[in-house]
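Next up, some structures in structure tokens.
What follows is a pair of complexes built around chain A, which joins chain B in one and chain C in the other.
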Partner chain A sequence: MNTVSVNENPFGRKLVLACLLPILLVNIVAFMVPVLNLAAMSFRAASSTGSLEEGITVSTWLGLFGDGYYWSMVGRTVWFGILITIITLLLSYPLALFVSRREGSLKAFLVVVCISPLLISAVVRTYGWMVILGDQGVLPSLIRASGFTPPRLINNETGVIIGMVEILMPYMILSLLSGFGKLDATLEQAAGTLGARPFTVFRRVVLPLSLPGILLGCLLCFVLAVSSFITPKMLAGGRVSLLATEIYDQAIVTLNWPLAACLSVLILVVFGAALVLYGRLSKIVE
Partner chain B sequence: MYLKVDSLEKRYGAFDPSVSNLSFSLAQGELLGLLGPSGCGKTTTLRMISGMVAATSGRILVGGHDVTGLPTYRRNMGVMFQSYALFPHMTVAENVAFGLEMRKHSKHEIAKRVESALAMVRLNGVGDRKPRQLSGGQQQRVALARALVFEPDILLLDEPLSNLDAKLRDDMRNEIREIQQRLRMTTIFVTHDQTEAMAICDRIVVMNKGRLEQIGTPHEIYETPATPMVADFVGRINRLKGTWRSDGAIDINGSMTIRASRPGARGAPVLVMVRPHRIGLVASGSAIPSAEHENVLAGTIRQVTYIGDTLQYSVEAAGARILVEKATTSAGDPFQSGAEVLLHWSEQDTLTFAADGER
Partner chain C sequence: MIRGSMMLQGLIRTFQLLAIAAILAFLLAPVLLVFPISFSADAYVSWPPSGWSTKWYVALLENDEMLEAFRNSFLLALYVTVLTLLIATPAAVALARSTFVGRDTLISIFTAPLLLPSIVLGLAILIIFVGQGLVGTWPGMILGHLVITLPYALRVLLTGLGTLPMFVEDAAGTLGAHPLTVFRRITLPLMTPALVATGALSFIVSFDEVVISLFIAGTQLKLLPVSLYHYVESRTDPLVAAVSAIMVLGTLLIVLIMERAMGLRRTVAK
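For the complex of A and B:
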């Protein structure tokens, strides 16, 4: 982190504080308070009508810990997050590398093309995937037309993974591109002159130098994959329960806000773990 | 000849070729300079020799073997890049070891050779540091060690000194020459700086607009430049336009007569060039030593510029401005602006070029 030097200007420190104050207030009011509120709510109990009962209790937490259903859901959510992140990385990396090696207006154009899906809401894009992957959709029809039996591509885990990967690719590509800063064609040429074959150049030079971008992209995609609920809900057809969809169901359908709050805290813990891992790995990469 | 470059050409699309019809060769252990202004094709040539850029046509032979079609990694040439191109994620020792690892040497052998390579460039004890923790000069040495450690057939240096400050540049230049001679390493040195090239190269190839202008020793390049471009590029020079007379002298503006050692065809236009420091300067009316083979010209000093080691006089003579350089002495300027003087220089120092077709 760079620190702003404020010693040279006597008004500097006050000015910096004054500039930071609004965002600090917004963060406190709009972020810290709700999160603390959420944490507090996880220590309440809900009546069957959905209203909160008086008094503080750890019964929701105890129920959660005692129920293997939730543990397997946490495991599945993390596993899905990792799987989706890895597939997104594998598909995005060659693309990002290709784009980063173009120059000038072509490069700018390709970057815009790569991130243009972000201009369309994830809901709309997910509907698109429903049209393509649905039982009577484009892809299964094509497979049937060529004489094969199409596998189920929607209302199951496959559908969720396909949809999520496509939704997350722009984020991954952007992160990778921003992390390719240290990558320099001259370094690859230098490795070549030292006797490294193209694959060795990739393994020993390109890959290590793009690790910061890979880590950043993976963190971002993992967090987004774990927290997204619209796409999994629409493409899973209620057959794949993940933490985020479960929170939605508990809060909106079952009206069990304390349980939803507990699960939210759980998801925060998962994010915290991911952040710690990211920090550790970044240090090693440096 | 150890390295032979034969009618090499590089074209990008429909543009004029970056390099065309380029041929030269190097003996084993020779240091050859590729000298020219930016954009003259010298770096492209280096890249073709190293395999980083494919030649459009022509051949490159090393020790009699045609390497034109070989990929970079099979050419066994050490390259030192202008930006050094050290791997930022590896330590200095890992950088130097890279070429040896690619050649599958044993760990023990690699460690030994990395150590001696770093000692050769006087960088003992920095092996564990990252390149960014070193100064520019030190990074330079690492790059040199990395390019030499695997005993390449040929060493290619691409503007290796241009990122260093002036003082360091001279030291590094001499150090490169010393190491090159000690290892008897066949080397090509690309530069746009004629002093650098003259100081350390056995021979120099002067390039311009993708073509070879002249190849020769520094002495030949400086004393008998083949073209006005070469004469101009390797040092300051006066240019005068004239016409050959029937008696072998040159007429300039009808008011000045100059003799050269090699006369040309009568009536043909001629470009005369004289180096500023080869022109003698005496006060008007003085006797000129060995006047027989001297060109003598009367003029008036219009401007005197003192730059420490030399004095530059701008002299108006026969309607032209002629630059004269003299080494300074502690006694101070012998001539002031406005002084009437005689300029004189020998026929041997008078360079003549056919004026048509040259720039």
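For the complex of A and C:
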């Protein structure tokens, strides 16, 4: 980075540096230093009173690996991530395909409708799900009104999965739409004209061409599902413990920063594994 | 035979449309249902409401904590947006209009905070901020939010600058205009749509940010998403629905600004 060499541009070298200095400062002070410090924090240990013990140690890591509770938590987090990603894909795919086949202002409108929930606060959207799934909420009341006993939909895993799927759908739709960009309607028509049945056209033409978008959307959803904290916390009422909610509890409630730091590194390892898998699968697809 | 298969096709089409409508309803249900609930006359959330009233909006106007949280969040988002534009605009222009070794690496470093889960980022910032006494302070909050708004801003501005015709700037430069004059008279006016989209995005990202705020706002500095989160933890009356309805309408305004300026999809695309 010291070897910034500026050639043939309207800005002088000093001006470029001056332009980049503020963003670099914020990045170093509030991103790089905190993240490196967090990694270092995982090699400290907390005493029973919550204060940090002197010296560098791997005891927090060893305690983590020796505790089956955390192993099953990682397993549950990954399993939830996969389940949520698959359901999100199944619901988003038909909608994205439908939107990509509209034209003009209708398409623009539908794109805005599908994506704008992304900009609405996660707290507000999750509260919306509490209104729908709560015991006196919209869905149980409708089920009761039709003479059935509603299953419990909130403060358990079902609620978390329903809420997360909806929260993540705009991300999936966005990825799928960019993937569908490569899809040419004439290809489908050609396949149809040559006698392929609609399902065959879908399986042999549409699906393979949209695979890159599917992979990107799945990566994004999995990563966001694994690290989400607000929605699981609000819809599970503390009854489902996942990596992200445990990080918050350890950091804010128990004040065990080293353990929270270890769990953070663990989440990043899951992220890394997902990225590697994504890279492998992308190569196969192309 | 042909008529039968046409009827079958029509049936399949209707079924498809119904399925699409159902998925769309699922996607929009939580956002839309806060509106009727916010006009409920009940003391708690129930469906259907036993009557309609505006009492929860009145209650909101009398709730000092929520009003203070709203004011703080609005001011914070405003400060963060102004600072984001001031910091990210020169950086984006410098990165887009000059070539030097390590330019792409720098862009990756500047946008890296978006790759980190906010729960991890929040914890990392908290630990540093506690040592510096920045928890629950305005400078701390602004810095914590800049970490996430700056990468978004840089990405949108770089996309916007990428579509601008560079030859106009080159021509002005060739004719002897000072680089700063070129920037002020040519580049800045041309990138106005990108700046508007960036400003709108920064504002909504800061106003909605909850995870990082939960970590570093402490108990003194009240922010709307954090107050809502804590409120819902203990009570389930329709007050939050009233706040939510207002926030949804506010977000709609931001969406319209973005769509007009640069297109929503290009602004928020990952």
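The criterion applied here is as follows: the second predicted complex is superposed on the first by the 254 of 286 C-alpha atoms of A that agree within 3 Å, B and C clash if a C-alpha of one lies under 4 Å from a C-alpha of the other, contacts with A are read in each partner's own complex, and residues count from 1 in each chain.
We adopt the following convention: a residue touches a chain if its C-beta (ideal position, glycine included) is under 8 Å from a C-beta of that chain, and two chains touch if they have at least 3 such contacts.
Note that the structure is a prediction, hence the values are computed from the model and not measured.
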Which superposed partner A:V113 touches (first chain B, second chain C, both, neither): second
Contacts of A:L242 with chain B and chain C, given as first, second, both or neither: neither
Which partner, chain B or chain C, touches more chain A residues: C
Chain B versus chain C as contact partner of A:A45, first or second or both or neither: neither
Partner chain in contact with A:A196 - chain B first, chain C second, else both or neither: first
First, second, both or neither for A:V160, with chain B first and chain C second: neither
Contacts of A:C262 with chain B and chain C, given as first, second, both or neither: neither
Residues of chain A defined as touching chain B within the complex: 182, 184, 186-187, 189-197, 200, 204-205, 208-209
Residue ranges of chain C touching chain A (in the complex, touch as defined): 16, 19-20, 23-24, 26-31, 33-34, 37, 44-48, 86-88, 90-91, 93-95, 97-102, 105-106, 109-110, 112-113, 116-121, 123-128, 143-144, 146-147, 150, 154, 169-170, 173, 179, 182, 204, 207-208, 210-211, 214-215, 225, 228-229, 232-233, 236, 240-241, 243-244, 247-248, 251-252, 254-255, 259, 264-265, 268-270
In the complex, chain A residues that touch chain C: 1, 3-12, 15-16, 18-20, 22-24, 26-27, 29-31, 33-35, 37-38, 41, 91-92, 94-95, 98, 108, 111-132, 134, 136-138, 141-142, 166, 169-171, 174-175, 177-178, 220, 223, 226-227, 229-230, 234, 244, 247-248, 251-252, 257, 260-261, 264, 267-268, 271
Partner chain A, residues of chain B touching it in the complex: 50-52, 71-79, 81, 83, 85-89, 98-99, 102-103, 146-147, 150
